[in-house]
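Next come the structures, one after another.
Heads up, the next two complexes both have chain A, just with different partners, chain B and then chain C.
On to the complex of A and B.
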């Protein structure tokens, strides 16, 4: 109600994503700023941020299954790979060796997601029977299985050492991956990719937010907090676990399909355990069970190497090449490890937890709780 | 936006005839305005004035079907909820008499009240209340018990039981057959007939049933707007939070009379435990509360601020100090002055706005403390943080209205001036307040002796409160029967000392003793929340309330509070010794009245050993 923001007379208002006008205005301002930033950001930063956008989609997917539904998955790299190759197969150009259907981006991105989602849902019934460490091992197995398949299935993946191009960012004859011109204004390839991935991220993030604030999200949380209790309350465990894996894999598929359009090349050995761990780290650092946290974690870990590179030469002992006492790539790995340890110990709710604490400081004003 | 009552010239008689009549007017004039909100399944479910009036008619027909006729009594025992006001107005609509029982009334009192009032129908909230009524062996007048919450009652076989839904359905069916009966009855209400019985809490003896007429209630409703709304009208519909027991006139004044006067929306608190949360959600426009609530809010702010971080605490301290100065000026002159307004505006942005929001007072145009005396410090505090709190005084027997401080006409420590020109007040030779107004009740039900003692032949009501008059403002000294005369022959007002003690956030209850004794002592009950919070911060371990009360550190803490209170008084009026009550006082055990007032006699008997020890 106007002037009384906590007075809810409808459930729609009670569970609204942006209950107050102030929040809506700030989100609007934020979006305009992010969209507008593309006009003056340099090309390399645009690509980096676009990568962060895409990674965010993948992290949201992992957060749905791990953070919300509580099912530890180390197999995210596998689903990213499935998405990447499905995207390439549906949207890439065919050669004599490779399958490629050359569909528009509006088709091949969802199709890549659906392919990954279906495979995720197909594997899920096995995963439903397991919990905790055992589930982690099972999903770990997927990564190794996937690596083998990607190496061997030459007609889709191009084979090890050769690889293939990802799907083409084409829509009704317009190419997003080439510099273009709209109404006399030149727009670069990087700007287009930035905007395109931003739009997809916004759609996917809002969809995820809607999943988690609705019946399905509440069921996920119930399963996470205590599956037996959830079952007693009438939640169909199998159904919701399958759904969690399916939706999560869909997100991974979309992210995987887009991830390599930025670099323009997919290599078969990209989808290893390290990639899975990186995504888990993004969830932990961003904040488990939080959509905003997923985006923060993905952005933070994607931009971190670039920031550390920037320190190279500026800080004593830190060199860009590996000749000095400490190279930037070494520091990057150290910082990566330290961050995971630090967050797990000091801020298990990740960047989102820090943000929440900051918000609560002002929300509780003038009290402290 | 608000539906206001037409002002009449003084020579006209009271234009409004009855509360149901007023509701009918509102339902016709603004049937789509929200009248009631009740929280169910997590959200506030709304009822419009149109629906409200239909419900009242249905309930009225339901009562008629059950054989209730003009003059019969209908008892309601429930916490505040929609069904309460519907049942109340429905009863009045068919010219019957409603009787409110506190949900906390124990079985023995329920038995007495149902029997004494000769209630024909009981509207009981839930299993708890049904059980109380069923436990009474013989109630010859009681024919039907309507229960609102069916949980736990479904399997009961007593033939008198009926569910609220069945009751309302029967009423609706009857309404379809006889659509004009209720309207006809409302039209023919004789405003000199009794509308409701309000049983006074009775700190001594059994409760007495004050008979209030339709005329009493109508007069209050007509006067309500200028009093409740004296702090200004809101931009939209006024919002009220109904949590004060509706069987008490203070609650009725706001939630029924005030609501109908101004076409307000009444929001029912979920329960007494959730009032703080409900307040924050509703942010009421006008807020009445007894001193206990204000003291508790004051204590809450103190405790929370003590726990707050350095910056927050420092800001709060600075602006509270400035606010206190502003409050004094505002109360004395009615304005903060130019500089004061600027200081307040800055303080509002930095501290007070969010503080008010936390307390649920951000939209509060006027707050009132009544039903018991309050310490001036507490009022000053709320005025300082920008909450316009004023003390008012009234009694069940005057239909809640008596005197009031109002914006621009306030003096700290007094109960203000007569609420309007229709209220005449004078002081008797011994200082007792005598009052005459259209709100004076009809008398005590089935108790002509007590009535004769209270209302004299000239129509003056003897209130039993001793007061002084100072420049038109009345200052209550104490209840006539509570005044202590010490062995030295000095008259002392215990409530003044008790209220000073209760300003401390650590003290919940205080009872000063000293009648015919050498010096004054006090029984003090600690406030569990704040003292346990204090003990935790000091690292003092404790198990129960009693254990906490007996800790030497706690006794030392209370001693400090007593010393601070003593500084305000002359030597004979200081509390020389005190003892902590080893248990929390309770209505169920007869130590407090339903309105949480001390039953002094019971306490003196129950803790006589502790008291005697203080005089040894």
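On to the complex of A and C.
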């Protein structure tokens, strides 16, 4: 319908990924920005953005189960951990103490996701019987049990205080984690990780978008909004809850496997409750039940420490040293907690909600009252 | 047998800490259907304040505990009034997540104040203990169990026989009807958070007393009270006490026997056994042992 972009006469057009020209234009601008960033930004920023990409994958996973299917999960740290160690076991180097198969990245990333996904689907039947807060407690228990297993199973995890290296980013002999050269152009380690994580994020985000706009996504939303009503409509609750947990854990597994390739080291105490809380915060701040929101939330909270570091010099009572009232990392924590509270009270739809309001304001211009 | 009795005493001491925390969780839950993940942080704050009054300011121990409880109650009141009150009527899950934010905001400065050293809370019991037929009964355990018992009994009497207790029970049943009966429901909410905060401070003080000491990881004790309320059922005061007993005793027995009978479970398994119990109970009864099953309306 030329000239009437908001008029849909077919269901396909209504549920299209990019229904309007404006959205296509924005996507184009976004792509240009992403390519430009890879070329112009310094190494430390690229690695930070790559971390945000990886976190986005994990947040999309959590948003699928919590935002779309309405099943509260505080256990995301556990699945991230499973992914990290499965990735390390499939893709890492074996030593005399550690298991490592040294597969290519194209194998160990999906395998890490599948391992986490299977464990998620195996736990889901317990979760299906529970609702609301009891489910939150169950998944909280999972984090503590997971931490214990990670500490004890040292042939995979290296044990507490020792840790291990994550999977190696290798594809057919090419190393993504070393500076290289393509057709005469030097390409840094950071640029390669940036591109690799970006490609994986794009694939995963489009897959998630397709899940939520299909029959499965509508079933998730029905379960979230009123599970009894959904059951009456013929939605198999067990099946969709297991599916939601499985898919969510798959995403967490992929994110977990990649997350530590950036730092090059996995420690057993990384997968604690705070990590779960951080992911929950990313969902809340980004916007529940929104793929775009997931990416915004992950990017915002990943870049936040950097922004606050920048403020460290400017604000008088902040001291980077330990003698100050609050160190910047502590301020960052407090801001992080305050953001969760603030967004829940004032903007429950998160950054995505703010974006929507801005968009609708300009869309209705000049009648945006 | 001596070992068993020794473990039982350790378990009962743990249970009294968990009971004080679990009662706080349940009182808040019954008043406003909120599970406060900030409760362990309030506990940490209370314990720190006791330590500050007793050690830094050199006040008497009992006075310090009272002042610490008042401080924690004020923090509970403040956090409810500022952050939870605007959220009434919102989905339970949103409020639960909000309390996670609250937890981070409260705990970060407290952790900064506690620092990396282990602090004391000025508790007077030390290593003193009675020896009954070879079983060591530390003064500290007796103080913990007695305090928890007294507070629990007082709480039961309060709910059973006082006007305010009755008002709290009415609010727990139906907030709007309670409001229509002339009960100031907002004040009941505040009161619930203050009671919970005060009890958390006492629990935190016990958890940090003597050998244990107050450190950043004292927080873990507070989190372990969550399995206790799940075992007992979120909305049951009796359940909270029984759940605390179950979790406390199982944890102590595991600590005593696991290393010789099931070493393959790994070191420090007693620290995670509460969560195993939590999983097991949720498998059998999804609403806890004494919780009321959710009634589904179609």
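Just a few scattered comments:
Going forward, the second predicted complex is superposed on the first by the 353 of 369 C-alpha atoms of A that agree within 3 Å, B and C clash if a C-alpha of one lies under 4 Å from a C-alpha of the other, contacts with A are read in each partner's own complex, and residues count from 1 in each chain.
Definition applied: contacts are C-beta pairs under 8 Å (C-beta built on N, C-alpha and C of every residue); 3 or more make two chains touch, one makes a residue touch a chain.
Given the structure is predicted, the values throughout are model-derived calculations rather than measurements.
When the two complexes are overlaid on their common chain A, residue A:236 makes contact with neither chain B nor chain C. The partner that reaches more residues of chain A, of the two candidates chain B and chain C, is C. Looking at the shared chain after the overlay, A:44 reaches neither chain B nor chain C. In the superposed pair of complexes, A:337 makes contact with chain C only, with no contact to chain B. With both structures placed on the common chain, the touch criterion links A:368 to chain B but leaves chain C unconnected. In the superposition on chain A, contact of A:10 is made with chain B only, not with chain C.
Touched by chain B in one complex and by chain C in the other is not one residue of chain A. Within the complex, the chain A residues that touch chain B are 2-4, 6-11, 14, 365-369. Residues of chain A that touch chain C in their complex: 72, 126, 129-134, 136-138, 140-142, 144-145, 147-148, 151-152, 228-229, 232, 273, 277, 280-281, 284, 326-327, 330, 333-334, 336-341, 344-345, 348.
On the chain C side of its complex with chain A, the touching residues are 35, 83, 86-87, 90, 92-98, 100-105, 108-109, 111-112, 223, 226-227, 230, 234, 266-269, 271-272, 275-276, 278-279, 282-283, 286-288, 294, 296-298. The touching residues of chain B, when paired with chain A in their complex, are 37, 42-46, 235-236, 239, 280-283, 304-305, 307-309, 312, 315-316, 351, 354-355, 358, 363.
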